[in-house]
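Note that chain A is present in both complexes that follow, paired respectively with chain B and with chain C.
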Partner chain A sequence: MTSHSDDGDHHDHDHHDNHFSAVQARVKALETVLTQKGLIDPAAIDAIVDTYETKIGPRNGARVVAKAWSEPDFAGWLRSDATAAIASLGYTGRQGEHMRAVFNTPETHNLVVCTLCSCYPWSVLGLPPVWYKAPPYRSRAVIDPRGVLDEFGVTLPDTKKIRVWDSTAELRYIVIPERPFGTESLDQQALADLVTRDSMIGTGLAKSAGEAR
Partner chain B sequence: MNGAQDLGGQHGMGPVAPEKDEPYFHAEWEKRALGLTLSCGAFGAWTIDESRHARESLAPATYLSASYYEIWIRGLEILLKRHGFISAAELAAGQMLDNGREPKRILTADMVPGVLAKGGPCDRPAPDQPLFAAGDPVRTKNFNPETHTRLPRYARAKKGFIEAVQGSFVFPDDNAHGKGENPQWVYTVVFDGEEIWGEGADPTLTVSIDAWESYLERV
Partner chain C sequence: MNAFEPLLAGSPGLPKSNEGDPVFAEPWQAEAFAMTVRLHEKGVFSWSEWAEALSHELYKPGRKADASDYFDCWVAALSRLVTELSITSWDHLDHLTQSWQRAAEATPHGKPILLENDPQR
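Then we have the complex of A and B:
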């Protein structure tokens, strides 16, 4: 098992803490200058933050997955035109303009990364977690996906194929995880509760029926 | 550019260390960093490609030791200075010294829902038909521009095949440098793990990138 104590010098939060006050001052200075110049509206910043804290997040994606599990026609639409299928649920906009849905199967597991920056499907998953944007994940997902998955507590059969999608262009990917066994009787709301953010990146699997709630 | 941002396949970066129940923000300044970046992007003075290039142009030691919101803020400072909205002296002083340039648009709170819902689609009609079709074998080119590119080093001069024609999109290698959108076809190109990583590669691994047409040549 890897842990924070193994290699603390390289862990993102140490950087975070060391630089905290300097960065905080830097951001404050920038916001002050821009506000004095009338170039920004501080209330707009509040509105942006509120949007991504309370309105747009991985529950959007979970509803997409639950619908795909329940409705074959919708799953087919996701395969042929994910942008339109997802927009039909009201999920559109910034960093979700060009969506692709990739389906896990018994044979293949999909994993999404952006090795060059931090491309992520904001419209369905919200803001990316720190680890998604940090060097360890971005460097290793393409060369050692099983090692990365192990750190998320996910072990796949040795024979399972792994497909890593490096988001190098403007397409944004959502993984449709495999539907867990024993969930035939669940409605879409209950199914959505099984869908974790990580399962839609590929660093996790959907929860089993027994794990719900 | 072969900068610190091009991380695929690098070693020594440490464990991923996912955080349980991670909050959206770890400090107030991260919220301001997000909001400032999006607000200033709304000026319409630069493209997303130029902003990516500003971030990847940070010195490697800075890039690798900064959190991502710090990278954003440092990139934003570069863009604001380059386009005449603020000066280095103002940043150092932490206050306004000159008027500076006026943007085309200033994002106000009432505009936020519409702007975020609209996003910034970057698909554009291409002047020609796609050169490649699904199933075609291709090789990525080998080049090492000092300028912006979205072809990662690990995927240069590698043989793969076209899995899908994804449409035509703004070409970032030009657009990041003010040379126009010059749309090209984009393809999902799939490589065997062994083609990329050679000896010892995970035999179950395939990796795909989304590649603009000019990154590719026929095999």
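Then we have the complex of A and C:
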């Protein structure tokens, strides 16, 4: 399998990005069989899973964002080397993927697409929303990001630029949303509560201080 | 509050949050949980049947001390129950499991993993 000789500076090109563990594959097999027998409907399963959205995975990303809001040095590190900055908190991807943090500013909003395969960094971001995996979302987000965001209830001023980031096998993104106004007195734990999953993929904004509870 | 109280009661040791909701370390665990909920809602099995199948797996020797294999036991129990109820056979389940693994390996980045992607299908 390692017969390529002329790609010396590329590592791990034989590594498959998509891999199911035995138990993951067994779950898919059960789903296939039960769907074929008409006993379950994948949409109903997705709906149940989605109700546990915040209960799946450690959602470490929210703590990363809260720290970046509170500590300019950490924000700077995150900007220059997100993989190391995130790893410093003890959060590492399962496949050693590289992370890049993209910061929302008054001028620019960032939106991440692609999560169709198994490389979505859910250990950092939590479970992807069901609709996010749908091929129409991916293609539409690239063509008409403003329209897609509008549908999610995120209406941005026309003057604000939208940048769309498409993950690759080697690089995954986390959006650092803008810190909401009126949160100066909050500690990092309270700030982390404002950071929704959607705000870290750019399909939402961080909650306002008033929405927190 | 959650809608799955009976399932929780019938599933000793299920990892839970402070609010009493189940928590999942990985997405497949939530999928396995959700399928079990649906099958019970459809009347495919009763909670006592489920509890018995799950206990059987949970009390097998060789469990991990930190219980991190809880959902492995869950999936084993669900597999056992659906074969005992003759919904499918072990052979078919194993065949499909291997097929999904090949499909995942054969799926390039950025494309959805579909069973059709298994080159041997």
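The working rule: the second predicted complex is superposed on the first by the 146 of 213 C-alpha atoms of A that agree within 3 Å, B and C clash if a C-alpha of one lies under 4 Å from a C-alpha of the other, contacts with A are read in each partner's own complex, and residues count from 1 in each chain.
In this section, contacts are C-beta pairs under 8 Å (C-beta built on N, C-alpha and C of every residue); 3 or more make two chains touch, one makes a residue touch a chain.
Worth saying up front: this structure is predicted, and the values here are computed from it rather than measured.
**Q** Figure out whether A:143 sits in contact with chain B (first) or chain C (second), or with both, or with neither.
**A** Touch partner of A:143: chain B, not chain C.
**Q** Should A:168 be classified as contacting the first partner (chain B), the second (chain C), both, or neither?
**A** Touch partners of A:168: chain B and chain C.
**Q** Of the two partner chains, chain B (first) and chain C (second), which one does A:69 touch, if any: first, second, both, or neither?
**A** neither
**Q** Quick one: classify A:152 as touching chain B (first), chain C (second), both or neither.
**A** In the superposition, A:152 contacts chain B only.
**Q** Where does A:48 make contact in the superposed view: on chain B (first), on chain C (second), on both, or on neither?
**A** Touch partners of A:48: chain B and chain C.
**Q** In the superposed arrangement, does A:30 touch chain B (first), chain C (second), both or neither?
**A** Touch partners of A:30: chain B and chain C.
**Q** With the two complexes superposed on chain A, say which partner A:40 touches: chain B (first), chain C (second), both, or neither.
**A** both
**Q** Touching chain B and also chain C: which chain A residues?
**A** Common interface on chain A, chain B vs chain C: 16, 19-20, 23-24, 26-34, 37, 39-41, 44-45, 48-49, 52, 56-57, 116-118, 127, 133, 135, 166-169.
**Q** Flag every residue of chain A that touches chain C in the complex, lowest number first.
**A** Spelled out, the residues of chain A in touch with chain C are 16-20, 22-34, 37, 39-41, 44-45, 48-49, 52, 55-57, 114, 116-119, 122, 127, 133, 135, 166-169.
**Q** Residue numbers of chain A touching chain B in their complex, please.
**A** That would be residues 2-4, 6-7, 10-13, 15-16, 19-20, 23-24, 26-34, 36-41, 43-49, 51-53, 56-57, 92-98, 100, 113, 115-118, 123, 126-127, 129-131, 133-146, 148, 151-152, 158-171, 198, 203 of chain A.
**Q** Can you list the chain B residues touching chain A in their complex?
**A** Listed in rising order, the residues of chain B that touch chain A are 5-19, 22, 24-29, 31-36, 38-40, 43, 52, 55-56, 64-70, 73, 76-77, 80, 85-86, 90-91, 94-96, 99-100, 103, 106-109, 111-113, 115-123, 150-152, 154-155, 166-167, 169-170, 186, 188, 190, 196-197, 202, 204-212.
**Q** Inside the complex, what are the residues of chain C that reach chain A?
**A** Residues 17, 21-35, 37-39, 42, 44, 71-72, 75, 78-79, 82, 87-88, 92-94, 96-101, 104-105, 107-113, 115 of chain C touch chain A in their complex.
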